[in-house]
């Protein structure tokens, strides 16, 4: 299979590197508006052709699929052209700038029987896949909350606010972990640079059964944090993506209900603490697992774990959150539910290439 | 000066220990409903009298002041009786369960020229006092945000939700750090135990000049976190109260605005990174500084740094936040502003007793 | 039982506080050379008598036992006088300045049937007791090494080098964990202040069966570290005493032996990684458990877990290490073995007083 | 300039990647004994030729320099052949298995006026270069100690013990930081796998002026640690290479000498604490800086910062340490000093390629 990559800015180099190393495909061309960046492509990969015009990729008959890593505002147009040219599409998140655009891309891909895959990378990490096993296996008891902090000092996206950039990750994780989608969202945030989109935001998502999720995103934080707490009635998880080894810790902690003589209320809520346990995680790079899954979907016609519907589900929440943020937290209900997402997890293929563990 | 302490549960023992060690006062009596707890008072401090009836303390003519460390729901009644008995009052936070109660206590204390002091302990910590110097001195540039996470596995309060327990700390810090009070609040949260108050909550506070604050409180977290990020246009602070030594770190980081040729927009927001600096903090226990300040106010008639008005300002926000939380984040405006808070910081007295640094 | 405490400097206040809170004994008097310190005793404990002359304690007929918390150089003289006066003795570590002194104290105590207890506090911590269960239970497989770092910025002891101050802790832990004593020691170190004892030192201890231990002590470190790695053929432990909760972590990691085709040697050593597990530890303060154990030995005549022989075993290694350090690491054999130490662990009594978990 | 790389095991891929990206050279061929590994070379870099016979590289006239990344035991033979073939040589550390071999290579390179460069990578890291500025600038006052812990769960080297693998890094750093070389070494260690070299070791190095260094290396540790404390009379450094951002922290801490009335000695040593400061470090990859420096030496004939003499100085200490370890720490003097090392630091060239900062 032959692949072209459109966009070689922040994320594109990772896509090229990963597809280059997969045994079942070949990266034949890369396009980017900047000649400087294309020079770096050629320095690293002399065999890859480069162009400043992405139409050159779409018109090539030998290219089966394109990976698109450009700003969100260009996603709809580029993906639509690629599908029209008969290419399978691998799109960085978020899928599109509006739910309407996402729906049109989904329809277009289904009509042409092409794969429309959204790069919700975290869904393919060993950590998130293991957390899903724990959550879905019932080990936490009743799920209470998902609480994520994802902040750092980062480049402002030119075309979207920080929710579309950072919270999109957590929304894809949430939709993967939980069996149902949120029913309402309240968001607050602020832009601190005039004429620029919001650079700090806080989202609360309400689910059925008293499950609550909170996302905390910030482009202007002095330190980088990637930590999620997941609480249940019996156990709780701390997932810290910056930990080099124990990324997922399961705490055997919870609450107890006692009828205390000192209490002026009927029952007294206490807490219970027990052991902590950190499962071993495999160290395969997520993009490798995801790339193989994409290639497998193209080959076999299987439904992608993060297809257009998964992308649309995230975009709908992003739209609602932005609307709520503009109104200082006034809650917005999420009514139009997408079709059910693919619910059986993938079986990752292990190529035997582990991430290097440097001394 | 002679002091009586009402309540020897979670916080009372700290109050007793600190007042016992101050050279200018004497703890003469402790009351608590539990005879068990009083036994522990007598084991540690054989010279202190104990009683299960707090009225015994209020009726003693030789007691000048009482410190009250009981559940919030009892604050108004106990403090009101103490003021009526002519005692100066030192009350654990939050001041009262409603703003109306707080206003009545303030009026009562002013009428009788008695000190009404709220134990907003964090305001007296070396870390928070140093952060105030940095923020007020303009070192951060324009203030952008205050973002606090204060979570742990803790006992549910019987009479108030987690906002009244944990967010009260941050609100007192915020009102101490910033020159003005918030203008609106949006809060979300959830109770996961039937018939109990909310155990997890998220508050966004809106201030003038695009300053935003966010508080993150949770009684059901598997780990204890106490971390605040404070962002400005020129520098940023990370305040981690659990760090044994460098609690306050000042990052010389911020944003840059450039006109990039690659950008499709007029200006491009980048970031700037520089050195990090952790000022040395003195290690005097906050309660000691606060206790001496209280005694000084009683003696001299000076206004307490955390008097009834400071307590009322916090209670008003707590009321509004609870109202917003009941409506899933719908913002509530804060209109009734209290009289200006005391704005000159105290000069801490150093007794020369440092916290032990064990090997 | 009535107790007197000699020395109210760094460690004495902890001894007084703990014995005061034990239900089965009473602290009746404290002696210290400094009138300033005695003033602080009286402020906290008005019922305790104070004196600058420790002979006043020894001559009192109503005192059954004395706890001695003075510089090492005074231990032999004070303990000997106390035993001569018929008092049971609780001595801070290390037991004495020489093995000869220790042997004389042991003989004296045995002759008079008095308890001679050395305050090897760490042996009584929940963490070390749990590690012993794991090590002795065989969970680690063959024991390979014990590797401890114990450094901080601390007051130089006036009369001993840093080995006698800090390494004494690890030696007592090692003798408690392992079934046999070291057979040789090599130590290096340096004094950086003229005329003062060594302030940094490194000890290697050799045991039977290729077990090796290394201790790393420093009074001049910019940060405080208390971390021990314990490696075995099947599992390994990280014990970090500064961790607020997970002090002990057990890693299911080890080595593998394979016959690799690429290897130029017969077998290739690889490694195996698995889950990590942090057992819950109880939170009783070690000194409380130790104090109750001491009182129980006095009452019942049972042998103390850390009696004179345990103290002597540590002093012998300290002497040999100092000798080796003076010769830049030349190894010194440890031949004179003390009588076997008590090997059955104590059953800690739980008074139900947990350490406060502050919000 | 054209480069060949011999060895594509653990470190070789990093060398290839870095030389590929340098604008002033081209990697034309890679040799490795494993056809499997060569397949991976071709997948990533279709333009690079591969061979299982390194003689193919040495016989090519168009190759100017070779980078050798093979086991230590092969270094002398391969480097000697490469120099004989007129190639400049870039060798992974340690230089050779014996000082005698190193001396022969140095002589051979000097005779033929070829560059013999040892890949002491850490010398080229922004962190170590900054520490050198601080140490040499006198900011720490009198230097007291260098104390490094470098442990992890790693593959056993087939042909050398853990000292030659891990301590070699610290020795190159030490020789770069300090103005003079060590005068004696005491080392201890142990092998826990029969017939294999020592897997855990502890080295003490003695320098003039009471400076002491200690290195702590272990292939069998459950966690990865890379932390060095550097103490001086006025300030101290903590260098943690695993910290993502603040790798170097400078503590304004030290000791004080006072004449205390309570002391029984003439002077009392206390300590002084002040602010902490973490200088910003640039984020250029060390291998890029080092590669450019090597190419510059080849081109201009300048002396490499880490030439054969620097490599020999390290090998001499490694030999002495192994000898001391075999004798349980008996100190070994280091008499044969190499010629003075290059002492002026390089001026790193910035290609403007920063390490990616992933979100």
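Which chain is which? They are A, B, C and D, in the order written, and residues in each are numbered from 1.
In this section, a residue touches a chain if its C-beta (ideal position, glycine included) is under 8 Å from a C-beta of that chain, and two chains touch if they have at least 3 such contacts.
Source: prediction; values computed, not measured.
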item: Degree value of the rotation bringing chain B onto chain C, based on Cα positions, nearest 5; value: 180
item: Farthest chain (mean CA position) relative to chain B; value: D
item: Comparison of A-D and C-D by number of C-beta pairs in contact, larger one; value: C-D
item: Averaged-CA centre spacing for the pair chain D and chain C, given as whole angstrom; value: 38
item: Interface hub residues of chain A, defined as touching at least two other chains; value: 154, 223, 245, 273
item: For the chain B and chain D complex, residues of the former touching the latter; value: 245-246, 252, 273-280
item: Chain A contact footprint on chain D (complex, rising order); value: 10, 13, 20-21, 23, 43-47, 152, 154, 165-166, 223-224, 242, 244-245, 353, 356-357, 359
item: Chain A to chain B touching residues, read off their complex; value: 33-34, 142, 144-145, 147, 149, 151, 153-156, 158, 184, 186, 188-193, 196, 200, 202, 204, 206, 210, 212, 214, 216, 218, 220-223, 229, 231, 233, 236-238, 249, 251, 253, 255, 257, 262-265, 268-271, 273, 324, 327-331
